[in-house]
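Here chain A shows up in two complexes: once beside chain B, once beside chain C.
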Partner chain A sequence: MADAPMPRTRAGLSAWWWRHQRALTPLILLAPGVLLFALFVLYPIAESIRLSLYDWDGVAPKVWVGLANFTELFGDPVFYTALANNLCWLAIFLLAPVFGLGLALFLNQNVRGIRAIRALFLMPFVISQVVIGLIFAWFLNADFGLLNDLLPRLGLSPVAPLDSGRWAIFAVILAGLWPQTAYCMVLYLTGLTGLRPELIDSARMDGAKGMNLLWHVVLPHLRPVTFIVAMVCVVSALRSFDLVMIMTAGGPYNSTMVLGYYMYEQTFLSLRYGYGAAIATVLFALMGTCVGFFLWQLLRREQA
Partner chain B sequence: MRGVGGLAALGLALALLGPASARTLVINANTSDPAPRAAWTAAVAGFQRENPDIEVKFNVYDHESYKRSIRNWLTGGSPDVVFWFAGNRMRGFVERGLLADISPLFTPEVRAALHRPAIDLVTVAGRQYGAPYSYYQIGFYFRRDLLDRAGVAAFPRDWVELLEACRKLKIASIDAFAIGSKDLWPTAAWFDYLNLRINGHAFHMDLMRGAIRYTDERVRAVFARWRELLDAGCFTRNHASVSWQESQALLYQDRAAMMLIGNYIVANFPADIREKMDFAPFPVVKPGVGRYEDAPMNSLHIPAGARNKDDARRFLAYVLRADTQEAINRALLLLPVNLKAATADDRFLKKGQALLTQADALAQFFDRDTSEDLATIAMKGFQEFMIDPQRLDTVLATIERARRRVYKH
Partner chain C sequence: MFPTPIAQVSSAARRTYRAALLVSLALWLLPLLGVALTSMRSIEDLNRGNFWGWPSEIKLVENYAAVFGDTRMAQFFLNSVLITLPAVAGAVALACMAGFALAKFRFRGNLALFIVFIAGNLVPFQILMIPVRNLALDLHFYDTRWALILFHAAFQIGFCTLFMRNFIKQLPDAMLDAARIEGLSELQVFWHVVLPLMRPAIAAIAALTFTFVWNDYFWSLVLVQSDDVRPLTAGIQSLRGMWLASWNLISAGSIVAALPPVLLFFLMQQHFIAGLTAGTEGD
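Entry: the complex of A and B
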């Protein structure tokens, strides 16, 4: 450890730092985030896409099969059931913003105790999906459920929605729509509080009221919120898993299968890691397309 | 400074590696439920008392995640002892060279004490790879009082009597069989027993290892019998949305009389119902076919890559002993595999013991006997068939397609 060269090095270093500080600081600040993102998001994505090209049961050596998993997937009737159910889920989930907006408008008033009422409407969003799934499954249960206890009293015949290959998926989506509506409501409520009262007043002055006011003044102001709400609904429709797992486990005989659950089932119950990864890859592409579309819209709007 | 840091790092590395080198025995178990956990903690403590020089590390994992983790342990860093299942599940690992040969533990004395089928279930190509410790019976758990009420004097012993009992119960507004098929596997108990009773054990095992087509006439014969029960309305309706746990309620609420299930149901009997419950084996379907039973068996194994195989073998020998098996199974309420061990004083276990020791051969249950992949698809097919028997051809075609893919025939 000689003393002489040290100051020069230090001076050199600091001069170098001085020169490149502007360029380096963002990189240094970004590094931890980028590193973690690469390690925990990008790497797993790449790894699961790679795995989708193999046949693997978790123990035997991986066997390269090229696109065979995908060829099988695209000829697999269960895959199409799952895809159709995801799309059906998506279509029905687009009702959530409508209901959510309705509730938000209704709750956006200054009445005594409105906070408590808002909190009540928010409840389903706060409850875990697993609990919601259980509540709905019990409610709809054909033998022990509350629904079939009520229906005969109203003079109607009992039903068994979760046992029907045709209706079970709607029962599951309905359970999902409940918390989703609450979530949309919260987002719209926040949007509505951002709405300036003067704007409404001046619109009223100009003679706008009722639907007119909503359509031409309130809604355009809520556009950014609507955008987020729609994106959230699309994403949660595509990644639906927990309700299916709790309420039906994909049954009866695959009729309530969704891509997320099929991926789980093939990977962890059937121990077909490659096939599960292929489903994951398709789901990723689907979700990527949707999110990409939204981001593109967002960018376009910001630039405008 | 650098030197000191390096030493410290080396010291830390040694400290981490250190204890594993000498006489540490690492046991990974899937006994996460309260009763099994207590039973095995006690067994491990007993072993520790006998071998104070061995430091036992007993790691308990959740049952479901264990199934996935064991694959990593066997291929990567190994514990010394793992809990697993005898029969086909074990065979899959043995064929890939992942489990150690423990044949020397099966001395003539040990062989003489163990239930013969149990030895077969841990044997591959004449060598033993596991220490079986408990098993249990699967059969009809039924409400004696409800059968009486419907005028069924004795539990059905053959197919005609079973259909007759179902008919009588129906008249008394009681469903014959409670079932919940949400988790799929309860349907497989029906397939297993019908196939074992109609086509016998050898055929069943051939089918399980993918050597026979699901579209075979003999397999169709199984579904034809099954369909007789479905057409007569013997099963509880709306079974697709209930788990087996939920379906028990039908039995306890006087709404169904029988359930084809494993002995673990006994622990769930409500106090007032327990006395009314009884056990009977699955009736004869085709005369002349041997007595074959489903009896899932659990066992311990040593991974091929285990560090401390000597002490692992010592532990397995301890588990094979009559006194150990007696204590464990008394706590688990299961049957010991060592016939010198006394069975817990429980009438359901006594009946199961009698049934299984007289059985000509044992199967392990559908989802243990065939590949996980095929099992999932087939059991969904069974559920579909039970809901709509008209779809049998589609169902069998789907299962057959999966069999070809899985077993590459």
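Entry: the complex of A and C
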């Protein structure tokens, strides 16, 4: 149909182009994006997995070691600390949707100035994790932190969470939970405003209210939101790096190590590129499991 | 509407709600308020332990002047701008093109390609670290702004394409067909019909991508190392050693780093939130 009104007088290249432009246009439009994406995202994934089979200091020739990096990794206590911390991060980050929903319910009112207030609540999400990490590191600093300035005034004893092998990781995750909750809140707010009013009204007519209404009517209709929110939380929990780097650099005594930071440290500080690549490969496999599940669900929705 | 609109309940409850809003907002933003206040304190104030009270003297101008005057923050700021703007422009332009191709053309591998774009954007970026750095070294753009521009543009294409494709898919086919019958080629349809309609989508995705790229820290550690090209996020962390306990200066620097995305967010709030929440409207 596209070719029907074409002038018949075109010749040579131009005629050829007009005959094929419908098929060629998507190729031309996709090519630059796909090439750049392949070069900087797809190829590096494969190359990292390949590198994980070598011993390499980044300069000298690579030495093939097979699965030796992985064997070493699975006997490495720091790896297990990092893995446990990532899983802990993930578990705590799944509170973000709960808190986010709570905040969204709280803010889902039409009072004057509510839009500005919602925006202010979202602000932590817009700020760089570097700044968030700096703020929290200072807040929680044992000697001149704001928290320890405040606690004695309230009659509480001072604390030093970032110096504690037991509590430091929770302090770091807490800093991450702040912007994450803000993000979940805005997604839930959009979900709540998108709900059809008749739906709620008819449920109210049937006598549902409060938690009952939330649990049996509102939440089931927010499932697409919950799904995306949970996935985003999982992804950012596994990626975590910035806050650890800024707040603790993995310490004290590796207690706040996460996989993303451990691989950075092993690669650039210990110059063990192959070992670093092996850690990244494990992280990738972990994420692959989660993302695979996510895509499978998305595909089902796409085809439905 | 859920929960019950506050307008339908007693006026006492309404006043309580308003008060609760303000109190919770103040608590929520307490860390940021602390930083903003500290950025205008004198160092004597901090040494005296005056963290929460009103500053004994306002050193707003002095502190920010020190941040820009005594350090290379101005250079870092410029670097952030020179990295972020081209990266966003590149990612958005390429994503518009790819999004149109994926939304309105049937060809083998269309859905597969779409999935690759989504999945690629979700990978832990640590797995890209060593090869991308080697690529930058081999192609001689390591430690230049180009390293960050190219990488960010490439990495953000995934999310931008997902967004653009979904947006363009909603445009009616009949409109495109009408343009084709007028004799427009597919590229002309893209340029004259589709692109003008994409303005709100472009605004949303550009605002969002700007924030992601501006706030990046990981890649500014991996791909650059000299102060001449380093963006704000890495720059401010490197200044921490120099400033030590001068938290008033660190706070002022943090505010400088945080301000551009915050301003952009407040200026383009509707677009920004539309981009963030695309595809999550409840059913």
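Note that the second predicted complex is superposed on the first by the 259 of 304 C-alpha atoms of A that agree within 3 Å, B and C clash if a C-alpha of one lies under 4 Å from a C-alpha of the other, contacts with A are read in each partner's own complex, and residues count from 1 in each chain.
Basically, a contact is a pair of C-beta atoms (placed from the backbone, for glycine too) under 8 Å apart; a residue touches a chain by one contact, two chains touch by 3 or more.
Predicted, not measured: the structure shown is a model, and the values here were computed from it.
Engineer: Return first, second, both or neither, reflecting whether A:271 touches chain B, chain C, both chains, or no partner chain.
Structural biologist: First partner only.
Engineer: After the superposition on A, what does A:206 contact: first (chain B), second (chain C), both or neither?
Structural biologist: In the superposition, A:206 touches no partner, neither chain B nor chain C.
Engineer: For A:192, is the partner it touches chain B (first), chain C (second), both, or none of the two (neither)?
Structural biologist: In the superposition, A:192 touches chain C alone.
Engineer: Contact-wise, after the overlay, does A:30 reach chain B, chain C, both or neither (first, second, both, neither)?
Structural biologist: In the superposed model, A:30 contacts chain C only, not chain B.
Engineer: Looking at A:40 after the superposition, I want to know if it touches chain B, chain C, both of them or none. Which is it: first, second, both, neither?
Structural biologist: A:40 sits against chain C, while chain B stays out of touch.
Engineer: Who touches more of chain A, chain B or chain C?
Structural biologist: Looking at chain B versus chain C, the one contacting more residues of chain A is C.
Engineer: Touching A:144 in the superposition: chain B (first), chain C (second), both, neither?
Structural biologist: Both partners, chain B and chain C.
Engineer: Which parts of chain A are in contact with chain B and also with chain C?
Structural biologist: 144
Engineer: Can you name the residues of chain A that touch chain B in the complex?
Structural biologist: Spelled out, the residues of chain A in touch with chain B are 57-60, 72, 137, 140-144, 160, 162-163, 165, 168, 247-249, 251-254, 265, 268-272.
Engineer: Quick check: in the complex, which residue numbers of chain A touch chain C?
Structural biologist: 1-2, 4-6, 18, 21-23, 25-30, 32-34, 36-37, 39-45, 47-49, 51, 105-111, 115, 117, 119-124, 126-131, 134-136, 138-139, 144, 146, 149-150, 178, 183, 186-187, 190-192, 194-195, 197, 200, 213-214, 217-218, 221-222, 224-225, 228-229, 235, 238-239, 241-242, 245-246, 259-260, 263-264, 267, 273, 276-277, 279-281, 283-284, 287, 291, 294-295, 298-299, 302
Engineer: Quick one: which bits of chain C touch chain A in the complex? Just the residue numbers, please.
Structural biologist: 1-3, 5-7, 14, 17-18, 20-21, 24-25, 28-29, 31-32, 34-35, 46, 49, 51-52, 94-95, 97-98, 100-102, 105, 107, 111, 113, 115-120, 122-132, 134-135, 150-151, 153-155, 157-158, 161, 177, 180-181, 183, 185-187, 190, 211, 214-215, 217-218, 221, 232-233, 236-237, 240, 245, 247, 250, 254, 257-258, 261-262, 265-266, 269, 273, 276-277, 279-283
Engineer: Tell me, which parts of chain B touch chain A in their complex?
Structural biologist: Touch list, chain B to chain A: 68, 71, 74-75, 92-93, 96, 98, 181-184, 236-242, 246, 249-250, 255, 372-373, 376-377, 380-381, 383-384, 387, 405.
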